[in-house]
Amino acid sequence: MPGNTFGAVFRVTTAGESHGPGNVCIVDGCPPGLELSVDDLRPDLDRRRPGQSKLVTQRKEADEPQILSGVFEGRTTGTPIAILIPNADQRSRDYDDIKDKYRPGHADYTFDAKYGRRDYRGGGRSSARETNVRVAAAAIAKKLLRQAHGIEIVGYVKQIGDIVADIRSPEQVTLDQVEATPVRCPDPIAAPRMIERIEQVRQDQDSIGGVSELVAINVPAGWGEPVFDKLKADLGKAMFSLPAVLGVEYGVGFGCAQLRGSENNDIFIREGENVTTRTNRHGGMLGGISSGLPIVLRCAIKPTSSLSKPQETVTRGGEPTTIRTKGRHDPCLLPRFVPMGEAMMALVLADHMLRQRLMNG
Amino acid sequence: MPGNTFGAVFRVTTAGESHGPGNVCIVDGCPPGLELSVDDLRPDLDRRRPGQSKLVTQRKEADEPQILSGVFEGRTTGTPIAILIPNADQRSRDYDDIKDKYRPGHADYTFDAKYGRRDYRGGGRSSARETNVRVAAAAIAKKLLRQAHGIEIVGYVKQIGDIVADIRSPEQVTLDQVEATPVRCPDPIAAPRMIERIEQVRQDQDSIGGVSELVAINVPAGWGEPVFDKLKADLGKAMFSLPAVLGVEYGVGFGCAQLRGSENNDIFIREGENVTTRTNRHGGMLGGISSGLPIVLRCAIKPTSSLSKPQETVTRGGEPTTIRTKGRHDPCLLPRFVPMGEAMMALVLADHMLRQRLMNG
Amino acid sequence: MPGNTFGAVFRVTTAGESHGPGNVCIVDGCPPGLELSVDDLRPDLDRRRPGQSKLVTQRKEADEPQILSGVFEGRTTGTPIAILIPNADQRSRDYDDIKDKYRPGHADYTFDAKYGRRDYRGGGRSSARETNVRVAAAAIAKKLLRQAHGIEIVGYVKQIGDIVADIRSPEQVTLDQVEATPVRCPDPIAAPRMIERIEQVRQDQDSIGGVSELVAINVPAGWGEPVFDKLKADLGKAMFSLPAVLGVEYGVGFGCAQLRGSENNDIFIREGENVTTRTNRHGGMLGGISSGLPIVLRCAIKPTSSLSKPQETVTRGGEPTTIRTKGRHDPCLLPRFVPMGEAMMALVLADHMLRQRLMNG
Amino acid sequence: MPGNTFGAVFRVTTAGESHGPGNVCIVDGCPPGLELSVDDLRPDLDRRRPGQSKLVTQRKEADEPQILSGVFEGRTTGTPIAILIPNADQRSRDYDDIKDKYRPGHADYTFDAKYGRRDYRGGGRSSARETNVRVAAAAIAKKLLRQAHGIEIVGYVKQIGDIVADIRSPEQVTLDQVEATPVRCPDPIAAPRMIERIEQVRQDQDSIGGVSELVAINVPAGWGEPVFDKLKADLGKAMFSLPAVLGVEYGVGFGCAQLRGSENNDIFIREGENVTTRTNRHGGMLGGISSGLPIVLRCAIKPTSSLSKPQETVTRGGEPTTIRTKGRHDPCLLPRFVPMGEAMMALVLADHMLRQRLMNG
């Protein structure tokens, strides 16, 4: 069973390679009546695309989406929404290096092991370029979530190298705060240090990893399925489906290993008419089902594998060689990861929002 | 879409509550011809069940599995395998506390928010008792993987509180080493300290969290699907589908945030006829597809939420109250988590082993 | 991908063989709050089981269902409902004939071709015995449909051999009329002739085919998905998933081949506040979506393949031989098909009832 | 759960409306290494498109497919294949009639009932135009089936009105015979009579129904899943997913109602090294699994609902009115149904071909 469809009832299927004609997604399951145009898709595509700042790759990718179906007279019809983002630049470059050599940290070797062949141009299907249609699809999901429940999803950079942002109230971070700096870190003290660090590794022809934190507020209690499709399970899959993610944690996360139950448990209290908890170490989900508290998760992102400096590797035939990645790559994936992570979070939440409707009466 | 089925082509569907008649799973997609009897299911069920040692809960659960279908003359027939594990003890106890009060850290409140009602006896569907049929199903998966590729899956306790085991070569840890101590930590120095720590928290009527590491060796390169169903994504979902898991990481994991690309990239080399990497910071998957290196992941497990000491909480009606969990609970979930984590890893790998057959020819 | 699960959001997974310990189903996706007990399952199980009358097989099958999960304090909880129907009689009989010879019209040969092995006892997984858990699952679906929309599903025998019942208003046939005779034909003139015909073929050690008509009333307009999961497509799959069904048709069915558009089109009219059609040649679905008119379909059922008289065949090794089916078999499948057909119709409608909830804003 | 995806492991997802920018499909699960170009897609698209002969609609639809992904250096890569067929003519015509009036026999009313709104231009998503991408996707499936097993799928017109073709050996009909006449009936006596009949109804501003027979040869024994995903069940769903299909039958089909078991059973014999049957009343499947005999099915197709002559109907508001369908429509759907029916048959067979690989040890 192929793996290019995501979601149970709000379903996204994608296709496309880095240097083919374009990337396509089909969003199936969007309810009818939602106002929608390409203008809804552009803001997050702009946040995702290369060339926004000197912190990220300077490649030019126009990312101009076309809605091919499912919208009529400005509103969704309930039928599938196909979105095409043509690849602006399909010139055939010199890919001889990538063709014959395995780039460290990339999927070149594993694709060959899986398929026996691969579209080697710019990474082909394994390129992060494929995420542009995920971001487009998720713009629809975000709009659905906002209109139905006032849900807002905000991601930001929490850590670059050993520089950790000081974010006391994840649920209060705003998009404006995030977008205030090209590094997408809302901590005004850490942000310039992160920028400086990224500049440094770029000059060193190197790259650096980091951590992104993602928050969803106003998610009602009760979303998620108790056993395999726990909300934390589907969100975990969503995050790990993004390139370069090596870790995911919720709430107190790996820190829970050092806690006692009496320290870790969040105590239930009444707040007006509602039940809530005094603290949110649980990250907004209990038993895999949303608790009504903000959903808070963090993703660990590895340093960009493509380096301008030479690296040892082998050819397809196993001969030792060296490789330098030509072209311009992100010295740090984190700033552009933020809209990708938000996108996957939105797809999962929209899916579970609809699934919860199956529970009603 | 309900969430009680796991896997695409090796599919497990489960049902059952903690104190109902029993738990059931249907394993669909197991190829014909595999030798199978209940004896294959018992060893991991015994590792999972309560009462094995003083480190874990002293509840009595017999966990005697019955194979109801799909096996004939000692071999699988290719038709679905139903397994029933009756609940030995269904006596109606005094559940008034659980019925009316929300246990901190448990799913009582979120189940009510989702369904409007719940089977409150012993946690009902949210109880970890449900994992017994997962473990039974996974015993089949483990046997398939072993016979087809010599794959071995070994899990162990890596950390309890601030005690971290020193495991230099995860791929060399053996089941015997793990089972040598009741805490399932193969580090002979850390193990007794962990045992002591768990004893301590138990005496304190408290609990403690930890980290479990899971390793699969001999997984061929090429398993996993490139986009949404990356092997790391499906494994991530699998782990987060287990109770109490707050974090998952692969290879270098969250440590990647502090690394540069030149430090993190694993260099490809030739080893005999094969391509491999010199190091395994990537955790055995590149681009979400197995690389042939050992798959190494870690799960953060929160401290048991049930405590013998009184905790503040509210009733269903929102009134402040206190709750003490009666009965015997694990002071630390880690030792019993190990077979559960292995089980989910086995289910994912068996699924992708079969999916890879679709690529051939 | 294995084929033992049916439905998208109201999902039934089955397991079990004819002469193993029993048959099991897991019904996933039933909303919480439905009153349910084994008493709800018995009536249709009794209609399906052998030995009800001399028209059907005289085998003894108790078909006593056990609900293993998903029901608490008399109501569904929203978690999966597992139902076990033990096989009362698992004595090992003399199956040497079936073991080594291919019964004409049965799945013995094709199972061997598929799996290389088979549970040959009584047909194993290919036995119609497997439908008992479908009927049990569908009793839940019927109850959901009735309570939510007053939907009633009634099936009956329309034709046996060349005897065709005269049913002018399918939507007015009642369960009482159907159950008035053991042949389940509500036409009081045709019914005794059908009974006589079945008696005749039984005495001839032969069997006979027929047609069953199935009707669902009060299905609201708007159910079904426009493209692949048209309501007629899902119903068609459901019917063809039953043993012995060689044809399915809706409304005017194959008769449409001889009609002109001006004769066949059903004209829209207003009826009170609603739009409806003057006639129902379309069988209650237009564009694959329910129109609000009664859904009417017919299934062609082949004559029982098992015959008491000797038939030519070959052994597994290909040697010519003859076979006589021992034991008692239905001389005509139609009377017992009726509850099976109704069951599959109910499963499809319950699934699409829930799917339609996803459309609501 | 939305219904725009078909297939379990060879999966096709479609999107698009009649008068939007175009139709798109994503074919997921095609193995790597298959030679493929748009030239492979054109022949069947040409057979499906309007304007081929005076028997079918004279609308102009170019149906020029673009492959957007999944093919590199002339071969499939194993990643999803996206195909776009732009709608050549998207001019906004006068749709006021369709907008406000319910066309008899069409999905206008049921779409409104389902979604509350619809793209009324030319039928929108309910238009048969959507099948062009199914035919394109199926061209890939046909090529896979042919290369792997020499499977050939041939469909033809069996009946128009009361004119029935005399086809004694369905498995011997060739594509050339079918394409010899514009009516796609390989019986040289019936074909001209059918053509004349269609001409007649066109002049009468009317339409006519018919029956199409579809045959697949060289399908190995053993394909199909025993319970819900029987090959006959999946084929049945596939056929009923096509517009205007009101009936589907296999082998002897509805004729089985009049047969005795001793007349209907196909006797197993040895043929060389193989087991086969002397006759093929069973239509190539036993127990829902292919027997190795030709798969033979028939679909009943209703007369075109769109008529040039005025028909009574109501407006969206329920007011009585009349409607005449402007534009040119097929007076008989049968000739253009043939490639659509073949397409769905190919999609099902390719899916089960791959699923059968999961059985191999």
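Note that the chains are named A, B, C and D in the order they appear, and that numbering of residues resets to 1 at the start of each chain.
Simple rule for what comes next: a residue touches a chain if its C-beta (ideal position, glycine included) is under 8 Å from a C-beta of that chain, and two chains touch if they have at least 3 such contacts.
Note that this is a predicted model, so its numbers are computed, not measured.
Undergrad: Considering only chains that satisfy the touch condition with chain A, which of them also satisfy it with chain B?
TA: C, D
Undergrad: Specify the chain most distant from chain B by Cα centroid.
TA: Centroid comparison gives D as the farthest chain from chain B.
Undergrad: Looking at chain pairs B-C and A-C, which one is connected by more C-beta pairs in contact?
TA: Of the two interfaces, B-C and A-C, more C-beta pairs touch across B-C.
Undergrad: Nearest whole angstrom, what separates the Cα centre of chain A from the Cα centre of chain C?
TA: It comes to 46 Å between the two C-alpha centres.
Undergrad: Could you give the separation in Å between the centres of chain B and chain C, each centre being the mean of its C-alpha atoms?
TA: Going by mean C-alpha positions, chain B sits 39 Å from chain C.
Undergrad: Please set out, as single numbers or ranges, the residues of chain B touching at least two other chains.
TA: In chain B, residues 1-2, 4-5, 8-9, 14, 29, 32-33, 78-79, 114-115, 125, 226, 358-359 touch at least two other chains, as defined above.
Undergrad: In their complex, what parts of chain B are in touch with chain D?
TA: On the chain B side, the touching residues are 1, 9, 29, 31-33, 78-79, 148, 226, 354, 357-361.
Undergrad: Note which residues of chain D are touching chain A in the complex, please.
TA: The contact residues of chain D facing chain A are 1-2, 4-5, 8-9, 11, 13-17, 20-24, 26, 28-29, 32-33, 66-70, 72, 75, 77-82, 84, 114-119, 121, 124-125.
Undergrad: Hey, which residues of chain D end up touching chain C in the complex?
TA: Residues in contact with chain C: 1-6, 8-9, 14, 102, 104-107, 109-111, 113-115, 125-126, 130, 159-162, 201, 204, 206-211, 220-230, 232-241, 243, 245-270, 273-275, 277, 282-283, 285-292, 300-307, 309, 311-314, 318-320, 355-356, 358-359.
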